[in-house]
Amino acid sequence: MNLLTLNIVLGVSWMLINGSFSIFNFIVGFVVGFVCLSLTQATSGPLNYGRQGWAAVKLLIYFLKEVVITSIKVVWDVLTPTHLSEPDIIYYPLDAKSDLEIMLLANMVSMTPGSLTLDVSEDRAYLIIHAMFARDKAAVIEELKNGLEKRLLEVTRG
Amino acid sequence: MSTVTEWVLSILLLTGGVFLLAGSIGLVRLQDIYMRLHAPTKASTLGIGLVLLVSAIYATLTNDGISISELLVTVFLFFTAPITAHMMAKTALHQRLHRLERTQNQDLFENARLRLSPDAELDDTVSKP
Amino acid sequence: MLNTVVMIVSGMVSLALILNLYRLLVGPDVLDRVLALDTMYINGIALIVLLGIYFRSALYFEGALLIALLGFISSTALCKFLIRGDLIE
Amino acid sequence: MAQTRLNIALGSMVLLPFVLFMWVVFTYQPPLTQLSWPWVPSLDINLMFRLDGLSVLFAGLITGVGLLVQLYSLAYMKGKPARFSFHLLLTLFMLSMLGLVLADNILLLFVFWELTTLTSYLLIGYNHEEAKSRKNALQAMIITGAGGLALLAGLLMLGNLADSYQLSLIIERAPGYQNSVWFIPSLICVLVGAFAKSAQFPLHFWLPGAMAAPTPVSAYLHSATMVKAGVYLLARLLPVYGETALWGWSLGLAGAITGLWCGLLALRQTDLKLMLAFSTNVVLGKLVMLLGIGTETAVSAALLLIAAHAFYKAGLFMVIGIVDKATGTREYAQLRALKPVLGISFVAAVVGAASKAGFPPTMGFLSKEYMYKAGAYTDVFVTIAMVAINILLVTLALVLVMKPFLGEKDNHTAEIKPVEQYKLLWMPPLLLTCLGLIVPLLFLGQFQAIIIDPAMLAMLGNGSPEAVKLWSGINLALILSLLTLISGAVLYRFYTPLHQFLVRLTGALPNGPDVYARILDAVIKLASWQTRTLQHGQLSGYTLQFFIVLAAILVYGVYATGALPNLSFDAEFYEYAIGILMVGCAAIVLASPSRLTSIATLGMIGFLTTLIFMIYSAPDVSKTQLLVETLSVVFIAIVMRKLPLLNTVPKPSRRRRLVQLSVAGTIGLCMTLLMLMITSDPLDQSLPEYFSQYSYPIANGRNVVNVILVDFRAFDTLGEVVVVVVAAIAAISVVRRFRKGDEQ
Amino acid sequence: MNSIIFRTASHIVSGLMLLFSVYLFFRGHNQPGGGFIGALIAVIAFGLLMLSESPDYVRRQLKQTPLFMSLIGVLCLLAAAVMPLFFGQPLLTGLWWKEILPLGTPLLFDLGVYLAVIGGVLGILLKVEEELS
Amino acid sequence: MTEWLLVAPVILALSTGTFAALFMRWRTLSLVVIWVGAVVQVVSAIALLMSVLDEGIVAVAVGNWPAPFGISFVADNLSAAMVLITAIIGLATVAYASADLALRPSYPLYHVLIQILLVGVYGSFLTGDIFNLYVWFEVMLISSFGLMILDANRVQIEGAVKYVILNLVSTLVFLLAIGLLHGATGTLNMADLSLKVPMLDSGKTTLIASLFLFGFAIKSALFPVFAWLPASYHTLPSGVVAIFAGLLTKVGVYALMRVFTLVFSLPNTGLQTLLIIIAGLTMLTGVLGAASQFNIKRILSFHIISQIGYMVMGLALYTPLAIAGGIFYIIHHIIVKANLFLIGGYLQRKHGSDNLSDLGGTYKALPWLGVLFIIPAFSLAGFPPLSGFWGKFMVIRASLETGQYILAATALFVGLMTIFSMTKIWSEAFWKARPDGQPNEPLTRKEHWLYLTPIVVLAIMTIIIGLAVEPLYQFADTAARQLLDTTQYVDTVMGVLR
Amino acid sequence: METLWSIVVGVMLGAGIYLMMERHLVRFIFGLMIVSNAVNLGIFVAGRLTKGNPPLIDEGALELAEGFANPLPQALILTAIVIGFGLLLFTMILAYRASTEMGTADLDQYRESEES
């Protein structure tokens, strides 16, 4: 994903908040979005837009599923009088490299219940995660690697 | 609007309410700031997501046009909630806030605070709390 | 029926708000208060959206969006200040 | 070059009195000449002038003596700094004085009256680098100024009485005023003004104080002119007020006391100029007494005395000036045997003193005769007072001539410089004093015909009953005159013990300047106290003060209203919930010792306000409120870091908290009441309906609030934006170039 | 203190907010919104950028000083105010060119509000951040 | 043409300020804009006054929305005169500031803020809408805040805090009063209000009027809410304080006069007696405050308060003569007080202090400055025939005519104390010998004239006002009658239709 | 409804004014914020309250629907909020400057300017 994608997203958002879907509205949104982006972005990357759309949908579905399922776990722990949680700090080795990838991954990690991104290490090699139910550290890492991160990288790298 | 839809909407709404309440209960009940961060970030966000979903569906059904602009709020909340949580966690680390004794790998907190890799040796200048 | 549910959920959200208020007042750390405030924002949005459903008006949605934006900004800004050591009691 | 220009300027200023004198002489056609130009007709203040006997007498003295004083000053002030401004001020003073006596409009008269105060202030303070000069000038200013303000009040009331400010009209309508409530107040105010100007007891002391001025100023202001302004005014208003008992009593009493007391004070002096000054007070007292009697004889006596005094007193002052210039001192202890060196001055002094003492056949003698005649027909006490005052004057005249000019030199005596080589120095005094001798001897008839009779006519409406004569046979007045002269001489014999006694006496009694200083001091102390009380510098005290005022006027308003509004509790539960939450939040902010809690709670209040706007159909307001609230909280959070904690300031005392609480509570309660009163009646809907009607068709907007902001009431918005921009500029300027480190 | 996550996200969010701001500004005449609300949202968007990057970064992105922006805003206000005078109408009368586009001096006026408020409030915000931190 | 003239002062000052700010980096250009702007303002104000003299009250419906619905700008004699005086003082300040403030780091900003201050003042004088009046008050207030804190030192900041805090109290109460008045009548246009307020019951009228009275009392520094003025004015640079002293409080008095004649008729509010008492105490406390001071600016600051008392006295007595006197007094006072502060500032610049103990020898060194001082000083003290006498004369006469003897006596006593204060300054700063070691800063020829020109011009105006009383009295009398009989005003405002 | 909000406005005004009379600069600012809010609310309430009918003209309509909320007080409040915001910002920053210069936030110690 790059600036153009972002710009398109903004164009669509414009249509969304306007509540009317027309070419004119999209163009207006795109232009406005362009101005806004040029005001807020530090760098701009080259245009590289492929077939990430489908991957994005897959990611979204997977993500929502994860959220719903594991949410219930957390809610359970919260609502029951005993504390099942076994908190731990996990250093998760990153494959994601770009700012955007890292950010999205970190966000998703945070949104999946049970894990919360604390930070990214200075050298960008690790995501530092606070896990609530971390009986098996390796399993947690493995699940993320094959689940979220793989799908995410499919979206961002095509 | 059919009764079934109304039922579905009601259930969704109630679920949302439960999540919202759960998030807030978690905020009260959980024992350290790191764990307290989990609850509102996830449960409350999910809850508000459901409420917004109901609102969107309801608006779509009652008004003539489709009203999915609520989705924008949802997306926004899902996007920003983890970032807020991250910032708070970072703050907590920075301030070396009280952490639950049960937490494993306690020594990694200091590494995390300084954003160092797990195997990094902390020099003497960095005093552990 | 939906209106009844809306009322019930409003009650739940209000309860949630009161719990947040408790955390806000108790702390113990400033960060806890910030977190409580952030959660209050979310619950506030929920209340407003519920109000929107109750009154069948789309006008409240923008208020919700605005609160979401502002909640994000204030929470992160407060964290930033805390890290910088700006907020000392 | 500069010298030539100065000389031309001085010359023209010296000539001006002469020109004016000529103008008066040629313009005046007895019995009355009136000149008039409009100035402020709407307020009945016009440039109206009137030349009648009285004003011509004064105008003649003013311009005549003025000419001589200007000439004398040319010599006297030679080599002194700022000669130009000295002569200029003298000229301005003369013009003001002339205006005063010629004005036929009481407010015009007042304008000139105040101008004489101002110009005399500047003249008295001529030696302004000396503290004493400044102090005495101020003293004269304050006392005559106070009198002037009283006079203004009096004249305003008089004007209202007569329904005109025109003097001749007022006098014409004169008999009918007594019944008005304003009559007596106006009389009192006018008297205060006149007494202050004419240095009557107890305001007499400014006149001797004014002797700080250069001698020509004293000669002019304090003999012929300024001090006579009060006398002139009394003489002018005699037909208006003269009938009342109060007039006679107050003038008689004030004049007598002034004459006697100032006579004694004069005898106590060692400085010849001061002695003259006090004796001027004495003469003024005599004049006031005579005007108080107000009979034809008394008025003739007064007119004679005015002329006599102008001649001899101006002359004597000038003589003292010469003495001062010759020896550098005016203390008679250091002055002996001046006669050989200052021969002409001696002559002038003798003639002047003779007139002063009422020695026949001088003008002074004439006036004294008439005075005794007037007194003899009124009251025995008045007569006794007159005799006593005149005895003192005789003694004073003797002191003035004998002490400095005669006697033998000793080693205390100052060196004498022969200053009489300057003609301009000795000619004016000689001329003036001799006039007091020549006029009664040679021109008495003409004097009466041209001066006295018209003046009497002007004042009383008829001429003098009999011709003024030097010799009118042996009568009571002559006997009293003789008695006076002999007693004066006897008193002079015992001058030294008398002087010592007077020094002790006046030392024991409170004196004018001290009382004045104490009163002034008390006023300034009062001022300081009140300023410390009101302007105490404590900001929280100011805010408390302000809100107490607000509470007080609101309570007054509610009290005046009395009615209680009807309440209607028709809100729904969530509205109550929001309301209660808001009140609770407010309570938290009040009670919380923590800044962060307070800020968070303030945020809550803002948020709840937003909710209210949202519920009651104000989407734009609610959005704006939300944004503004958030930004405010962000700003206050940023700024707060640099502000001290709440506990760095001492907690208010219990009493203070109670006061604050009751003040704040009162205001809150009153506002609630007011709002209830307002909202219980229906609101006029014409404006909203208009906006609704025209918003879309003409202003092309569906959001009526926005249309109001950018169209219906766009001017408000324009101003509002300017406020924001300027606030930004100002706020940026506050922090720009300033960091905490800059303090060091 | 730096955070890739926060920084990256804040760029996106502030972009979105600016968009929202422009949107609210444009539709203000017909729906809730308008110059002032739009401007404050824009300020908050830039404020977010300021927090995640630096005040200097925001200044560079703006290219103009905030003061200049607000002065331009005031000029827009003045133009909108004075223009009708030249058409023989009183000050601040709305002039519309509906035939071409739904444009009128009230919109120019609102634009003035928008720019002036952004410039003003942002100016303070940046200055305060620079001086007090 | 009226459309142009009525709004010209506000728009011109705003444009001047804006362009001067835009060109701030090019100092000369900015100054040219300021000078041209200031001169044009005077010209336009004269034109406005002529048009009012010609046609009577004039009004324009801003935005072309008819009277009670949009905002009206109205000029009657009073407003037109105030606008002209403001423009003149504005021009004088521009000249004076060019000398007095030129060395300060924020110099160009001073000019900008002065223009914006003028925007607020003009707006306040011309608006016919009560809420719009609030807006202009705020414009004035915020720019005065700005002027106070530019290049401020510690003491100035402290003074500014007091000024700001206490003025905020006034602002909030004023705003609340407007809101409630709107709630009670449903309108904001003052002409419309004058028709609707009489229909309210007296309780509401009294309470709302009290709120207005309180708000304006602070603005005009009446007893006992004047503390902000002596706490702050003397800390200001002379170029700033002259315009503050001349204009700001007078806007408060103007607002009192306008609102308590047009919107509320003072006798109907039940506050007349209160206002009479306030007027007397204001005169008295102000003048006593001055008597206890030994610093030129402080003395003059306290005198502002006492003189305000005379103006309010005119309103409180509520007769044509009294109000005419009050108006006459305002016009005179603006000129004279500004001039006195200008002279004080000149002395301060020259000798580095405005404490009386540090000054002296001025009369000897600069006799013409002495003359220039005497004129406004003794005018302030009420010496005839200078300008100050006439206003005083009128209000005292009016108070005697209405039987307010104590008030008249107070006014006279205050006059005496004013003489005392003015002679104190004269005696200490001018007559007294020059103290040892007094610094004497040489001024360039240009600076010298920039300082003196406004002083001379204002002194000449003082004399002219004093001598040409008749036309001015006629003018003030008409103004007073326009205030007391609102029909012409209402008809004009409500008659301007779309 | 107006009764409730009149009371709330009264209480808020009281609380704010109480704070404005305090010695701590920060407490004053808190008071200022509360009073500003209360005043705006007061204007709003005095202009009468209407629920659920904002002054927006519907698409296709030419004027507001029956029973619309009074738009005028809303516009006034908007102006007042904005002005109040500007003043508040200035005041806060002045407060920072003042307390830094004077070394205290105790308003009663700000007396230097009035000492002769």
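In order of appearance the chains are A, B, C, D, E, F and G, and numbering begins at 1 in each one.
Following the convention adopted for this analysis, a contact is a pair of C-beta atoms (placed from the backbone, for glycine too) under 8 Å apart; a residue touches a chain by one contact, two chains touch by 3 or more.
Note that the structure is predicted; figures quoted are calculated from it, not measured.
In terms of the distance between Cα centroids, chain B is separated most widely from D.
Of all chains, the one whose CA centroid is most distant from that of chain F is A. Put simply, the chain nearest the middle, going by average C-alpha positions, is F. Centroids built from CA atoms put chain G at 34 Å from chain B.
Each chain gets one centre point, the mean of its Cα atoms, and the points for chain B and chain D are 81 Å apart. Averaged C-alpha coordinates give centres for chain C and chain E that are 27 Å from one another.
Along chain D, residues 535, 537, 539, 543, 547, 595, 615, 619-620, 623-624, 627-628, 630-631, 634-635, 638-642, 671, 675, 678-679, 683, 685, 687, 691, 702-703, 705, 709, 711-718, 720-724, 726-731, 734-735, 738 each make contact with two or more other chains. Within chain E, the positions touching two or more other chains are listed as 1, 3, 5-6, 9, 12-13, 16, 20, 30-32, 36, 41, 44, 47, 67, 71, 74, 81, 91-92, 94, 117, 120-121, 124, 128, 132-133. Residues of chain B in contact with at least two other chains: 18, 25, 37, 45, 67, 69, 72, 76, 79-81, 83, 86-87, 90, 94.
Contact residues on chain D toward chain F in their complex (touch as defined above): 38-43, 45, 82, 85, 107, 110-111, 114-115, 117-118, 121, 125, 128-129, 131, 134, 137-138, 141-142, 145-146, 149-150, 152-153, 156-157, 160, 185, 523-524, 526-528, 530-531, 534-535, 537, 539, 542-543, 545-547, 549-550, 553-554, 556-558, 560-563, 670-671, 674-675, 677-679, 681, 683-687, 690-691, 694, 711-716, 718-720, 722-723, 726-727, 729-730, 733-734, 737. Residue ranges on chain C touching chain D, taken from their complex, read 14, 24-25, 30, 33, 37, 44, 48, 51, 59-60, 62-63, 66-67, 70, 73-74, 77-78, 81, 85-89. Here chain E touches chain F in the complex through residues 67-68, 71, 74-75, 78, 81-82, 84-85, 88-94, going by the rule given at the top.
Touching chain F in their complex are the following residues of chain G: 20, 25, 28, 32, 35-36, 39, 42-43, 45-48, 72-73, 76, 79-80, 83, 86-87, 90-91, 94-95, 97-98, 101-102, 107, 110-114, 116. Residue ranges of chain C in contact with chain G, taken from their complex: 55, 57, 59.
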